[in-house]
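For reference, the structures are reproduced in the following blocks.
Note that chain A is present in both complexes that follow, paired respectively with chain B and with chain C.
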Partner chain A sequence: MTSSDAIVIGGGHNGLVAATLLARSGRKVVLLEAEGEVGGAARTHEFHPGFRVSSIAHILNRLHPDVVKAMDLQRHGLTLEGRAMASVALGDAEPVVLRGAYGEMLDGVPASEATAWKELRAQLIRYAGVLTPLLARRPPDLAGMPLSEKLALGGIGLSLRRLGREDMRDFLRMLLMNVSDVLDEHLTSDALRGLVAFDAVLGSHLGPRSPTSLVGLYYRLAGEVGGVPGGQMLPQGGMGGVVSAMAASAAEAGVAIRTGTQVARILVEKGRSVGVGLANGEELRAATIVSAINPRTTFLDLVGSRDLDTGIVRKVQNVRMKGNVAKLHLALDRVPDFSGVAPEDHKGRLVIAPSASHVERAFNPAKYGAFSPEPVMEIVLPSLSDAALAPDGACVLSANVQFAPYALKGGWNEGRPAFQKAIMAQLERHAPGIGSSVIASELLTPADIETRFQMPGGHWHHGELQPDQMLMSRPFFGAGGYDTPIDGLFLAGAGSHPGGGVSGVPGMNAARRVMAVTQ
Partner chain B sequence: MKTYDAIIIGAGHNGLVNACYLQRAGLDVLVVEKNDWIGGAAVSRELTPGFLYSNCSYVCSLFRPEIMRDLELPKYGLQVIAYEGGAVLTQDGDYLASYRDHHAHRREYARWSARDAEAYERYARDVTRQCRFIQPLLMRTAPDPMSFRPRDLSELAYLGRKFAGLSAPEMAEMLRFWTMSISDFLDEYFETDVIKAYLALSGIIGTALGPMSPGTAYVLLHHYMGEVDGSVGAWGYARGGMGAVTQALADSFRASGGTIRTEAEVDRVLVRNGETKGVVLAGGEEVHGRLVVSNADVKRTFLKLVEEKELPDPFLRRVRNFKIRGSSGKVNIALDSMPEFPALPKDSPCLRGDLHFTDSVERMERAYDDWKEERWSADPFLDMVIPTTLDPTMAPPGKHFMSCFVQYCPPKVEGRDWTDADRDAFAETVISQIADYSPGFRDRIVHMEVRTPRELEAEVGLTEGNIFQGELTFDQLLFNRPVPGYAQYRSPVKGLYMCGSSTHPGGGVMGAPGRNAAAEMLRDLKRPAGHMSEAHDVI
Partner chain C sequence: MTDRRKAQSHIDQLRLETPFHPRLQALAQQNDWYDWAGYKAPASLWDEELEYFAIRSQAALFDISPMVKYRIEGRDAEAYCNRLTLRDVAKLRVGRVHYTAWCDEEGHVLDDGTLFRLAGDRFRLCCQERHLPWLLDSAIGFDVEIAEETETLAGLAVQGPTAFAVLCSAGFEGIERLRPFDIADFQHAGGVVTISRTGFTGDLGYELFVDAGSALSLWDRLMDAGHQHGIRAIGYTALNRARIEAGFIVANADFITAEHAIRADRVRMPDEIGLGWMVDAEKGHFNGRRAILAARSGGTLQHVLVGLEIEGNVPAEHAIVYHRKKREVGLVTAAIWSPTAKRNVAIASLQRPHGDTVIDDLWVEIYALLELQYVKLMKRARIIERPFVKLARRGATPPGMS
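Then we have the complex of A and B:
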């Protein structure tokens, strides 16, 4: 039996961040990863000989500056160039192009609409800015907080006050609104409203008309790249490039990374976690266990209901985590030509969501376990910005497609071909001829994501990112502040506050919590 | 020329409650009503000889008992008859009953699922806890979080203390509950679809939301906070139809010296130098009053009755952005005999309660999908009651009045106005659904009145036919209702107040907005309000 100070379960980006920060604090840390390489859902893989793509997350838009700094990622090879990648709304007419950070400039709309957008964008970024400080700290503790925490929260209250009275009134009114109504109050362009509505609901089981869907947009706008709020970029080498920098930082900090090591259970003695048992029978001991994997797996599979209160088991089971996004990868023999889109803009993010009501209509079937016959999607062609991802002259297409419910009626084995056909029909409409340029394809449904990445429900965020599963209720109340009902066991994954996306924040906050409560 | 102390626009239940309280405080009050009948959406109308129709609102439960007592409504003839429960008839010919008797209720749930019968205990406890927190807020003016006035600060402190009185898990549950969908909330407790469908309906009635929309769990509370005879969550019929509520209010009002003028439609509110001076009626007649209170919804009041130049821009913008999409219709039917529902046991007490046919949350949500596309639901959700099973005064002996609330029904049909042909097709959708469960139903129909949002707006004056005078979503609740900065019944025009369901705490025949508005007005007049009971906390 070997022993260390802390064991981190799961080598995804959050696990790497947590392990590195703990190691830097002088602890002896072991990181256990089930797969042959670290990265989790933030890897780059070769899906066809010569064609490589970011496995799940494909755009970097919220890697937290504190994480970049604390891990020294830029010294370890991370570049944050090209962080104002354009977004293109492919509509029925001329595309609308958002340039700069989330549309600082706008092409393809009349001047009046551009002005209205400028005001709305400023308002949204201002409001998201009020919420941003909540992300990089432990959520408020309802049972009482030390003075320092109270003061920090008071600071957020003050920044709200600084908005001014009328702005603050609008902030409070809009906070839980649906994104569609907000857009209708300001804008008229279908394509623009479609794109923003799509962004607000991407990754969640909500339509643009669902109350609270604006929160999703705030979550996105609370992210930044290299100090630019609302910025986005394609990382060099795909998302695996980011993870390589993290792994290098972890190694330098002295983290012992063990890949190919599946944890079978968390050892609990008298309500306290004391180590882990591996699938091969080996046992590792440590006073601190940090689980950077899915919370349901952590509690139900690794801890087991025997060591948990009934109420806790019920809460874990009630966490909603059914994914709704599929990932499509295409190996193309040439660069596709999206109608009306300038060659340079093909390097941007292309969004097929012709109107907010189209997005809503695409959402409807997902409520009943069917996929959208006319799905909406976000497309990137990463090989245009990083030639190493595809052979010469060829091209990689990577798309996040909504809505693809995890629990598809009839199952995904049966539904997959029809869904792929529906996606290709949408692509063909906007890039005629693209179908004939496909050399190979890979469609990851939520069911595939579940098995391939060990993410129950195939959900990006390890749990719906909706207000009732946020802050101290993420993943559930009782495990909301990274510590859990089991002494010595901490959570550090996207299932914890503030949620998913390649931000590194749950890992960072969890490490800070561990440092605050253990020696 | 006479100058009244206060003029109330609209003789709906909130207008009358407001009028009663003001008159009893010693003011000289006039109520003006555009129709030749009073009651707004709480009326009983004899639309065919011998039958009284509760043709808008149809059950009585939310009406605050404090108001009933303050205004002595039982003395003026109001009687509320509690009913037993209800049933959902399922497509496969079975039913799920709901009884007021706890044990009978539990046994019925256990017939469907032992696990759900067990879960119901937890569910009832948890929902009651949520109600207990919210209920006292109904009869208090929402504090303005942006204000530093002592009163707002002390109200905020009251809320803070109330919240702090909860345990941490209770606080977390509450915060979570407020933004959940009723469907997700019920999924945490129950496994049986029909049970979830039955319980989900309180989360959507009157809203422009589906059971899967976040926020509908809160709407459930809005419908649970009623009580009949001290029995919380119970529902009842007003004897003589819903008009009995407003008739009793009107009688109480007149008895204390107030005046009601019917067929007196207000054309606009008279404003001079930023101050309210009275109203101008449709014929041009000016009626003077020191204060004016509008029972109309906030859009109708400020976009139609007050001139734009009297209102500040941010206020106008917010009023224009107020969401008031109608979502329901009504089919009122006179029957020459009691309809049969073969699925139910003979003489089931459920026949005296509310009946539904929507046996799954999915069907309910699909009905909502139609509404989003501006169509009435092809498979609508119906809430039917036959009040004549308990109240013989509403129909000739042996005959019955049936009220059929229908959701969803859009304010416009695919972008255009409703036509008579649309209305008839809508009614046919409803009748054919009932006929599927009740053989021979069509032959029993003596007379039928069909009300779409078009009729509700034209007759009762509800903008877009929204029965709550504004949607019940977070952005339009508490200090945001009707619009931020004006949630305390006052308006930007001095002397002009609001008292309709557009204001806190919202719709339903509750009377709380009317009462709360009166409290604020008396405060402004520095008059005592000793005749006004404080909100009690019974749960």
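Then we have the complex of A and C:
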């Protein structure tokens, strides 16, 4: 039996952030990763000889600047170039191209629409800006808030006031609206509305007309890359490149990383976690246990209901985490040609979501356990920006496709071929001939994502990112501030506030919380 | 969800009759019924005063079938009960019963009741309220089966000084070996009746559980055998007097259970209703542990339950308790003039530190309605130990054949 100050369970990016920051505070930290390498869903893997792709997360749009700074990621090899990557809305007519950070400039629409967009974009970024600090800090602690937290919360109130009376009113009016209604108030372009609607609901079990769907867009716009709100980029080497920089930072900080080490249980004695038991029977002791894996797995599988109150088990079980996004990887023998898209813009993010109504229609079957017959998707061709990801002349395509409900009627083994066919039909419509250039393909349904990345429900965020599962209610009330009903056990993953995406914020906040409440 | 609904078929009928209803109906000269947890139950049958004295001087037969009953069975049954309830179930031997309580994650009491250990891996939980969803959710992660048996299991209490004599005359051989809180199985009508030496009266007494189908024959067997020992069927009013004398509390009368409380400050922790002694912080995790220990160490317990003796002879039911006749510090939840103790007693919930460290200069304000005119009485109240009535016969083994 060996001991350390802190054990971090899970070497996803949040686990790496938490472990590094704790090690930098002078603690002896061990990080345990079940897989053969760290990174979790933020890895790069080879899906066909010579073709490599970001496993799940493929676009960097919310890596928090404090994380970049605290881990010194740029010194460890992270480059933040290409952060002004364009988004291309592939519609039925000419594509609409959003240039700069989330469409600072717009191509493909009439001047009146461009003006309307400019105003709406400014408004959305302003409002997201009010929420940004709330999505970066520890959520407010309703019982017994220290002065520093009260001041921070007051600061958010103040920034709300600074919007001015009319803007503040509109902010509050819009907060829980659906994205489709908001877009209809301002815009007329189907392709543009389709793209924004898609972005708002990407990764959640919501359609654009579902109440509160605008929150998803705010969540996205609250992210930034290299100081640019709404920015996005394809990381060099895929998302695994970001994780490599984090792993290097962790190693330098003295984190002992043990891969291939599956944690079987968290040891609890009299309401306090005292260590972990590994699948191989070994026991490791530490006063602080930080779980950077799924909260349901943490509580039900590792702690176990015997050491939890029934009420907590109920809450854990009620956290909604059924993924709705599939990931498609194609190895192509040549660069595909998306109709009407300039060669340079193929380096951008290509979105097939012809209209908000189309996105809504794509969502409808998901409510009843069926996939979208005409799925909507976000496509990138990362090998255009990083030639090392594919052989010469060939191309990698990576797409997030929805809607692909986790609990598909009949199961995914049966449904996968039909869904892949539906996806390829959509692709063929926008990039004629793409089907004949496919050398190999890999379709990860939520069921695959669940098993391959140990993400229950195959959900990116380890829990639906909707208002009832945000802030102090993430993952559930009573474990919202990174500490848990088990003394000494902390949560640090995407299942905690603020949520998923490669931000590092849950890991960073969890480490800060540990430092605040332990020596 | 539908399975759970099916397991709660009692919901389909607004007012159920117990398996003993035909016998009760025949004796119900007062026709004075009340609703006990969805069952039609007698408040009194013929004379509530004499029914009370049947408990203390003869033998009283009281239908406890409406008491909610669950069977908990399986390899993890002990571990399950230990996580569910406050006391250490590992210390509860087979063939024994203990009084316990259980809490939600806030440490607020959901109910109190008795836990019967019928076998190493089989328990019966008896309580005031229905808890099937809670018990099933609590079973997640345990190898255990939970079954509702309120409707299928009939219960009868035989209480009073001649209770033992009644059971002997009824032919329950070996009943003399039962010590308080012992359980044993006996033959009845080709089946089994489970008898425990328990009760809610503070008197010598037994509780009998039998399949609903054998209920009436068991009633008749006891009534026939008890005839010479003065057995009488009684209603709740009489029993309530006896239980106050014994200092027992009743859920939703002396405290509001956590799932019933609508107002946030009405919920109670075990330490706030006199059940703090049950909390076993050493036994391992149980529901509410964290919250209860935090409230203790943080000094945030708000209330305390006390026994009071009040001067005079007017029962102080639901009277406000004052400190120095001025400051409101609590409420009397149950009160009677105790015929056996010959004292005016009450159970009250007080706001700490009153009743905890501040125990003198307490008063109750009684509004006595005398021929359409209220007489307001400010009476001195003194905190006294519960039970208010202690009877040696309750614990004597073998019991006397009075």
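Here is the rule we use: the second predicted complex is superposed on the first by the 519 of 519 C-alpha atoms of A that agree within 3 Å, B and C clash if a C-alpha of one lies under 4 Å from a C-alpha of the other, contacts with A are read in each partner's own complex, and residues count from 1 in each chain.
Here, a residue touches a chain if its C-beta (ideal position, glycine included) is under 8 Å from a C-beta of that chain, and two chains touch if they have at least 3 such contacts.
Given the structure is predicted, the values throughout are model-derived calculations rather than measurements.
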Task: Fit-or-clash call for chain B and chain C when the two complexes are aligned on chain A - done: clash
TODO: Kindly classify A:122 by the partners it touches after superposition: chain B alone (first), chain C alone (second), both, or neither?
DONE: neither
Open item on the list: With both complexes overlaid on chain A, does A:440 touch chain B (first), chain C (second), both or neither?
Closed with: neither
Open item on the list: For A:516, using the defined touch cut-off, is the partner it touches chain B, chain C, both, or neither? Pick first, second, both or neither.
Closed with: neither
TODO: Count the residues of chain A touched by chain B and by chain C, then name the partner with the higher count.
DONE: B
Open item on the list: Looking at A:307, would you say it contacts chain B, chain C, both, or neither? Reply first, second, both or neither.
Closed with: second
Open item on the list: So in the superposed three-chain picture, is A:210 touching just chain B, just chain C, both, or none of them (first/second/both/neither)?
Closed with: first
Task: Partner chain(s) touched by A:169 [first = chain B, second = chain C, both, neither] - done: first
Open item on the list: Quick check on the superposed pair: does A:407 touch chain B, chain C, both, or neither? Answer first, second, both or neither.
Closed with: neither
Open item on the list: One more residue to check, A:472. First (chain B), second (chain C), both or neither?
Closed with: first
Open item on the list: Is A:425 touching anything from chain B or chain C once the two structures are fitted on A? First, second, both or neither.
Closed with: neither
Open item on the list: Flag for me the stretch of chain B that overlaps chain C after superposition; candidates: 112-120, 220-228 or 292-300.
Closed with: 112-120
- [ ] Across the two complexes, find the residues of chain A that touch chain B and also touch chain C.
- [x] 314, 478
Open item on the list: With touch defined as at the start, can you tell me which chain C residues reach chain A in the complex?
Closed with: 79, 83-84, 104-106, 134, 137-138, 140-142, 281, 284-285, 287-290, 293
Task: For the chain A and chain B complex, residues of the former touching the latter - done: 141-143, 165-166, 168-170, 172-178, 181, 185, 206, 209-212, 314, 318, 320, 357, 360, 364, 367-368, 466-469, 472-473, 477-478, 480
Task: Contact footprint of chain C on chain A as seen in their complex - done: 268, 270-271, 300, 304-314, 317, 478, 485
Open item on the list: Could you list, by residue number, the parts of chain B that touch chain A in their complex?
Closed with: 145-146, 168-169, 171-173, 175-180, 184, 187-188, 209, 212-215, 314, 318, 321, 323, 362, 365-366, 369, 372, 473-475, 479-480, 484-485
